[in-house]
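Worksheet for the structure shown next.
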Amino acid sequence: MDLATIIGLIVAICLFGWALVSGVGDDSVMDVFFDTPSVILVVGGSTFITLLSCRLERFLSLAKIVKNAFFLRGTKPAELIGQMVKLSDVARREGILSLQNTVAELSDPFLANGLQMVVDGTDADTIKSVLELEIDALEQRHSEGKGVLDLMGKYAPAFGMMGTLVGLVLMLKNMDDVSKIGPGMAIALLTTLYGALISNVFCLPLADKLSAKHDEEMLIMDIAKAGILGLQAGDNPRILEMKLAVFLSPKMRSEIEGLDRA
Amino acid sequence: MDLATIIGLIVAICLFGWALVSGVGDDSVMDVFFDTPSVILVVGGSTFITLLSCRLERFLSLAKIVKNAFFLRGTKPAELIGQMVKLSDVARREGILSLQNTVAELSDPFLANGLQMVVDGTDADTIKSVLELEIDALEQRHSEGKGVLDLMGKYAPAFGMMGTLVGLVLMLKNMDDVSKIGPGMAIALLTTLYGALISNVFCLPLADKLSAKHDEEMLIMDIAKAGILGLQAGDNPRILEMKLAVFLSPKMRSEIEGLDRA
Amino acid sequence: MDLATIIGLIVAICLFGWALVSGVGDDSVMDVFFDTPSVILVVGGSTFITLLSCRLERFLSLAKIVKNAFFLRGTKPAELIGQMVKLSDVARREGILSLQNTVAELSDPFLANGLQMVVDGTDADTIKSVLELEIDALEQRHSEGKGVLDLMGKYAPAFGMMGTLVGLVLMLKNMDDVSKIGPGMAIALLTTLYGALISNVFCLPLADKLSAKHDEEMLIMDIAKAGILGLQAGDNPRILEMKLAVFLSPKMRSEIEGLDRA
Amino acid sequence: MDLATIIGLIVAICLFGWALVSGVGDDSVMDVFFDTPSVILVVGGSTFITLLSCRLERFLSLAKIVKNAFFLRGTKPAELIGQMVKLSDVARREGILSLQNTVAELSDPFLANGLQMVVDGTDADTIKSVLELEIDALEQRHSEGKGVLDLMGKYAPAFGMMGTLVGLVLMLKNMDDVSKIGPGMAIALLTTLYGALISNVFCLPLADKLSAKHDEEMLIMDIAKAGILGLQAGDNPRILEMKLAVFLSPKMRSEIEGLDRA
Amino acid sequence: MDLATIIGLIVAICLFGWALVSGVGDDSVMDVFFDTPSVILVVGGSTFITLLSCRLERFLSLAKIVKNAFFLRGTKPAELIGQMVKLSDVARREGILSLQNTVAELSDPFLANGLQMVVDGTDADTIKSVLELEIDALEQRHSEGKGVLDLMGKYAPAFGMMGTLVGLVLMLKNMDDVSKIGPGMAIALLTTLYGALISNVFCLPLADKLSAKHDEEMLIMDIAKAGILGLQAGDNPRILEMKLAVFLSPKMRSEIEGLDRA
């Protein structure tokens, strides 16, 4: 579980709820801040406009995309480097073919596919171009996934504003009873509030989180690519470690000391 | 038909209409929310400013551009890969010239043109540069098409705001009768509402959809290009399949299992 | 004449004028919507700030830049391809030197300059780099020209807003006479309206149009470049036509059938 | 002196001042539009936030950066081309070493440095990479200089808005005396006006001007680079002129006719 | 200490505080401008949404990131060039291996690592690619660090606006007591003010400062890279100095005269 996502989301919602409750006084929060037609208009409208804006498959995978923002990726850069160095050690001592068994045990299909090509004796250029195509394709999928949240984060405030305009028009048309102006405008503003909430508390932060996770995964894949190409070139473990350590921050580099030949 | 486009658009419009009807009370919706001069100003103004902003041919093809957002492209990536692998199998067994008949049957001009060059014995560099020029040119045409919708999505809210300013000025000049302030301002706000609707419910979502479809079509063309170049290079079917499968997501890859040598 | 520019501009202005007239009632439109100091502030201010923001030569050529948006470029892609194919036919039959006379007749300096280099026997790399420099330089000039309109489109609404702030401050300082608040605010809003008009009806649409025309001209120049290099390489007419047709949309391709060897 | 900058700035300020004076009536302009705390808050706040946002050296060179916007660069493209062609003529007739004296007389360090390398017999690749590094470094310095104005143009309206919020809060807290609401809000709006003025009349237009001047200077340096490399390659004057003329617009090209061998 | 950051921040805050105090009159500033629930909502909300938006490690290093904006980097470009020239002098006279001792004394790990590779006799391509990977990785880390501040600068105003909407809704629902409208709206506006303050006085200026510092550090690393590669190639000190001086502005170049062979 990605604690940052969960804690961030829960605390932000609680803070917001507390602000509502502490402001309301003796009324019920739901009476003041919940207006069913407004919720339906903003949530429904922005959802279906997002459906209109993107591909059906992509929209249907929204739940899966959002789920990714709540889970951590297994591999850490320092661990992966340790693993690559160990493999290079094995390859040096027992020959490249001895990695065949390791390949079968790998859970990461990118790494498994790359190592399989090394074991099969594929040449470096082919390995490199296949791995780069895989990275490009993943980049494309990630950006499309994030794109659904971006679209929703763009259309939710637009629907909120349109709802407020509708509410204002209705209120202004019936201004005879001055005592109703206040509550009428309060309801009109609710759709803007809903739109801002959906956009700024859910869609855009989750899209930003996916973007951060994407950068992290790209780092892992760049390390794996460099490691696989190093194995193919028959680099000795020490040189491979030096090459891969470059991807790490100085702080992370100290972590591999105890890991690399464990 | 692209169900996502149709369902998204219809449901969003229905939700919006329902919000209007449920808010109006005993008046007629049309009386409250339809003001002929405002509609003419915003729809007409943004249409003709878009005509001013882009090329005549492009503007006239607007209907065709919008239509594209409502239809699905025939070929799926997994099907295309299956087809390319089958062609490579035929080419291996019966020689590259045997593909001549297949070329005549192909409905996709890009694929047909590429295969024809392979059959004609054109060298790889020429094929590659011709195919890339075709892809670039399509990219240019798609971005111009999407551009018309983007322009309209930009100028519609601007015209809406200008209409509201005109309405406000008129209302403020004649503030003697206080009872008319409310309705006057309601009508002034309608143009802003119309501009936001045109932009956020039609133009921008359709432009986003075209953009998603463009990405999909680019994927198809990238696969076709890689496949054609693989055929030219005489790749064996198994290697070609591996090369092309890289373009697919892990989930889509499982789909080609049953397809590729059907 | 570029009908799209002219019709778009005139109809948009007429629609806007009609909205004003139909809204005013029995007053004169000029009385309500024309305020001399506001016009001078917004038009003058944004003009001189644009002068401050860009180079004098560029600013002075504004009229010429705007004029370009109202005229169509002579050559059409299909015509140019037909012409290049014909030249290639002549060059094949009568030798490259026979093109000398054609060069003198060409009105397009880019094409003339390129062909002259071919006739002079300049090598392909030099021709290519000279033509690319010319294209880059034109791109730079076009983007500077469009930039003047972009600047004006950016500063006009800013001056409009500043005018409104000035008007609001004046009105608020003298709020004793409540009956003057409405008209005072109406005048204050006029500058915002003027700024929005200048920006959204003139500057930005014309800048967008110049941008569309630029893309069109770039296409012409790319075709001319490819054609000149094909002539230099001695391509036969059929191959040259195939190479150049790639730049056209499928629909435009059908147009060259009747043209190419006329 | 750059007349466009000076005239643009002075006329824009005069227009604005005139709008203030003509609007004020019998009060003094200073009484209505000058509020010392507001000026201090917006000018001081945006200045110190800009200091916080950029490097000290860069901030201190602000006066020098702004000064650049008011002066014209000496060399014109056509003159420079004439000069390069003359140098190439000398080099052809009297040998490359004869340029040593010319180098000492050159006021432009970029040109002097480049020619010195040619005279010293440095090879083309080294000259090219040194000149490109100089161009990159100048680009970096220019963009940092412009950046200070951009930062101030971004933070001035933000401080204006914050000042207005402070003023509104103060006014709303003390709404007992209704007659003070108007003037209180007038003062609150002044900070927004100041922020908009600083940004739209000084910072952003000057940044845009620097950007235009940068493009101009880049053109000069590109011509100088191409000319120096042509001298090194021993191009004859006619060919060099043709190569360099490509950088000019057709209109500017006619200017070199009378200049090039003066 | 980076005086620009400290002076800029302190003076801007003092100016703002002074504006508050001078505006308040006889009330206490805290009574008027401090509202505990509003502070908690905006500060807490934007903090936790930022936590939701980025990676936990990155969020936790926020303090360290901010600290960087307050300290100056040790090395100045001119000093570094002097140092590289001195090293090249030593290497020429005593051989490249004599640099081994210097490497141990270097505090900058980038320089030390690069020189160590030179001493170890690593070939130029490997050194170059390792150094470039390190620069890319640092760029990535810097941009992620700045990204946390950017996110907070984006979500703070959004939370401010949402708080204001909540306050407005509450106020409008209870409009019976007209005397409470003013103070209610004042409190509602406070969250917008807090959001603008957090964003424009802390987050965005500090992010801009980090960006300026990043550019500075990139310059240092580019000089170090060029210097290390020059040492590896055995450049003589004079040529190395000329190569590295290109990275400096004309003004900075004069500084190295007294430094380079000290």
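For the reader, a short list of remarks on this structure follows.
Letters are used for the chains, namely A, B, C, D and E, taken in the order the chains are written, and counting of residues starts over at 1 for each.
In this section, a residue touches a chain if its C-beta (ideal position, glycine included) is under 8 Å from a C-beta of that chain, and two chains touch if they have at least 3 such contacts.
All figures in this text were calculated on a predicted structure; none of them were measured in a lab.
The chains that touch both chain B and chain D are C.
Rounded to a multiple of 5, the Cα-based rotation taking chain B onto chain C is 70 degrees. Averaging Cα coordinates per chain places chain A and chain E 25 Å apart.
The centroid of the Cα atoms in chain C and the matching centroid in chain E are 41 Å apart.
Those residues of chain C whose C-beta lies close enough to touch chain D in the complex are 37, 40-41, 44-45, 48-56, 58-59, 109, 130, 133-134, 137, 140-141, 144, 147, 151, 154-155, 158-159, 161-163, 165-176. Chain E contributes residues 2-5, 7-9, 11-12, 15-16, 18-20, 22-24, 27, 32-33, 179, 181-183, 185-186, 189-190, 192-193, 196-197, 199-201, 204-206, 208-209, 212-213, 215-216, 219, 242-243, 246-250 to its touches with chain D in the complex.
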